[in-house]
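Note that the chains take the letters A, B and C in the order they are written out, and that residue 1 is the start of every chain.
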């Protein structure tokens, strides 16, 4: 039954170098790429490094580049490809080993984003909060994020221009959007967006939206609305004038 | 761990899944299309703006020349065409299109790209894209004139009539409105800047408007291309009438 | 021992060490840090990937936002009845009383729940809960909970997180746990954590079974480490089969189908189109407790009324497509993508999958303290709250309520014993633990650990299935003995590198699995009755005598010992609540 086998090519190596190694994996019905990789690991390459957890597209651990495109391995059926598949680690992050990359930068970025902060009044009330479904729907889309970091991987600012010191990346634009648009949040993160978060580095080319396994409309619903909010504060002379006269929300210093 | 004996099955038999679009279409196709389409339109628009007289054939007025301002020897389209030009240049959809196609930033997703210094929209000239909403304001005024023109296009010397040109102009202004009012900047102004949609009467009304704009906004790229096409088509049609090449089929009451 | 002669390790000191970054670990860390302790979290995966994200349905809390009649007493009675009365009643009481507060607190930390039309937190109905009680966010409640706690942890001063670190031994000094040896997955380097108190929040051991909704992480490390350190385990025979896991295609077998599908009106049918729950629990039908539904599906399949792939049909097509996509988005996506089934048009095929361990470390109800000084446990790794069967939604509230209590208590304990982190630990013990960990690397010819793990899973699947019997369990124990001997001398499957070597990691995980598997089989042997998740074909009836007994597992000089322990009777007001509930709300199924 050799002709029903899958030729699975996995990048093996570490930061010093490596190569694609081919594994013949028997295909079962409904098999996803992660199954094939784990089969190869259990039977042919016990020391092959790969991250995975839930195997149900809920944890965002098994991110890799399948046929050159960033995807979750657990959500990609083998049947989509045919008799050979190439799996490589994410390219935007430093390699640790095989399919495992060092994504710690993302966790560092998250620390720099001021957390959810309700107003004094909301904080001090003993009553449970009231919010309408329509107020939270928009935020819920962003909170679907499973932090697979595929959007970070595909973002050309981070991937090709090594812009990690300039731009937080799409994942954290989604995070900031979730905070900024939360009906009970009281902070103004527009100075951060203009400053360290580097929103201006995004040129809305939408690859992040294309790879998002949760189908979050990252560009249209998070990044662009944030750009507009940033523009309210920094690129709108009319509003600046109104603020001078005494109305409207003033951005705090960066 | 799938260690137990796996049932091997032919792979090709159940190739029913969604394919990676990038393995099906070559990734230069989209940029090539954008470059060709925008270059053709750009060249045509320049020719019209600088070298053509007022595109008016009773009762049709070319969208390039609306409102028809004639001052001295300056071509009328100069007074008008800058607004939609700036609007489209700073439009969030066209930004994707030209950054990908003309600059390769990035040409397609997860591909190598030129190692030029990249500053995105933080520096000249692209930082000006942040003023998109002002282009929107100007374009709204222009779309107002175009609606007026489209209504006039059904007025054949005081009598109601329908010509091919009237239909074309109506279609054009409809698509342009869908494009203009589905704009991301307008979506923000409509209600996107609210954090709470239910907290006041005004907020609730703006939420309804925001939802409407969102519907138009979802396929902003389609609206952009369709309206670009009808603008060119309307203008070409009117100039062909003007040159006497075509005859406008019409019914007048 | 070639590779480890140096046995170099780094020492890190903290007040409270938290093992595991799921809901309980994170909530515990926040509590401990707010109580003024320095906290260090170690987790086997990246932060935010813990198994809690798989919890879909919701978090149970009697907030009476949807059903005004709900109260903590009813929630308490539901939990006790669901657990077939062998729960620790004090834990169930604390849980029912405190979970609303914990949920509301989550909201103040930024969690966004679905709302009722009045703007309150919406609550959905769920199996064996008398009233709609589960606060939820579509079908990804666990993710919301993890993300909220994760962001809280990241911005809480005094909390540090060490990701992708596996603890492989606990060390005691003067009768108190004070040290934990761990390796970093990325490079195999060793760390000795010294602490005042340890909070175990490592989750369950679902990897004992082949068809499981659990990830590679769920190897029961916490129970095994605690057992080795001398702590008592309890109710280890009680593992929950979630009634609805995917059965087809083969690759996704065991993947969870949320109980929310039934909560939103999903119907179970056999291949003849019959709603078979009518015959098993006519009152609650699909929303019966998980043990009942799992056994019902099992019985239907065994009677030859199963679907082509050996399961039952779960049908929600009578709801509108918009409703399904809004309320169960990830289920819709999961079936469409992985099984090519559109659940708005076609029924799902489901069968029981291993899901949750009700048993675990025996803890004190108020403080979550184990029987070993300095050792605390919360969440799935602890036992008591769920008794013989866990109700859906009670695990997330468990994490929050007892995570906080454990964190508070661990911080207090660490404060009371300021010298614990510096107390002496026998260096020979450290040497020995490291040598055991490293040994597989020195056995390139040794057996493949993945194969051993698969064999353990085969043994458990065959000998400790939904319905068990004496002969099967005993035979299983015998096979485990053989596997244990082989695991002790297994290799890594070939690779000898210390750098991110899953074969080597698996060789160690086998030890945890074996402890859990043995405890399960031994406890199941001595519980000679059918109760909750534990069903015996040779003792099909519930034995009222055993309602007052929990089985406690302990390490002794002669190996693993299981002994019955009588339970204190419920105080009158709690017994009343349960009695009232039998009379007023839902009649319990009789077996």
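Methods note: a contact is a pair of C-beta atoms (placed from the backbone, for glycine too) under 8 Å apart; a residue touches a chain by one contact, two chains touch by 3 or more.
As the structure is a prediction and not an experimental result, all values here were calculated from the model.
Student: Central chain, going by Cα centroids?
Tutor: If we average C-alpha coordinates per chain, A lands closest to the whole-structure average.
Student: Quick one: point me to the chain whose Cα centre is farthest from that of chain C.
Tutor: B
Student: Using mean C-alpha positions as chain centres, tell me how far chain B is from chain C in Å, no decimals.
Tutor: A distance of 54 Å separates the two centres.
Student: Compute the distance, rounded to whole Å, between the mean C-alpha positions of chain A and chain C.
Tutor: About 28 Å, centre to centre.
Student: Among the residues of chain A, pick out those that touch two or more other chains and give their numbers.
Tutor: Within chain A, the residues that touch at least two other chains are 28-29, 35, 42-43, 77, 131-132, 135, 182, 185.
Student: Give me the residue numbers in chain B that touch at least two other chains, ranges are fine.
Tutor: Residues 1-3, 6-7, 16-17, 198 of chain B each touch two or more of the other chains.
Student: Among the residues of chain C, which ones contact at least 2 other chains?
Tutor: Where chain C meets two or more other chains at a single residue, that happens at 119, 250-251, 450-451, 454.
Student: Spell out the part of chain C that touches chain A in their complex, as residue ranges.
Tutor: 45-51, 53-54, 63, 104, 107-110, 112-115, 117-121, 137-138, 140, 142-144, 147, 151-152, 154-155, 161, 163, 186, 215-217, 248-252, 255-256, 330, 333-334, 337-339, 448-451, 454, 492-497, 499-504, 506
Student: Quick check: in the complex, which residue numbers of chain B touch chain A?
Tutor: Spelled out, the residues of chain B in touch with chain A are 1-3, 6-12, 14-20, 22-23, 92, 95-96, 99-100, 105-106, 109-110, 112-113, 115, 118-122, 126-127, 130-133, 184-185, 187-188, 192-193, 195-199, 207, 217-218, 220.
Student: So in the complex, the part of chain A that touches chain C is made up of which residues?
Tutor: 14, 28-32, 35, 41-43, 45-61, 75, 77, 96-98, 100, 102-104, 107, 110-111, 115-116, 118, 122-123, 128-133, 135-136, 139-140, 143-147, 179, 182, 185
Student: In the complex of these two chains, what residues of chain A are touching chain B?
Tutor: Chain A residues touching chain B: 1, 3-6, 26-29, 35, 38-39, 42-43, 65-71, 77-83, 91, 131-132, 134-135, 153-154, 156-157, 159-161, 163, 167, 180-183, 185, 198, 200-207, 210-211, 219-220, 224-225, 227-232, 234-236.
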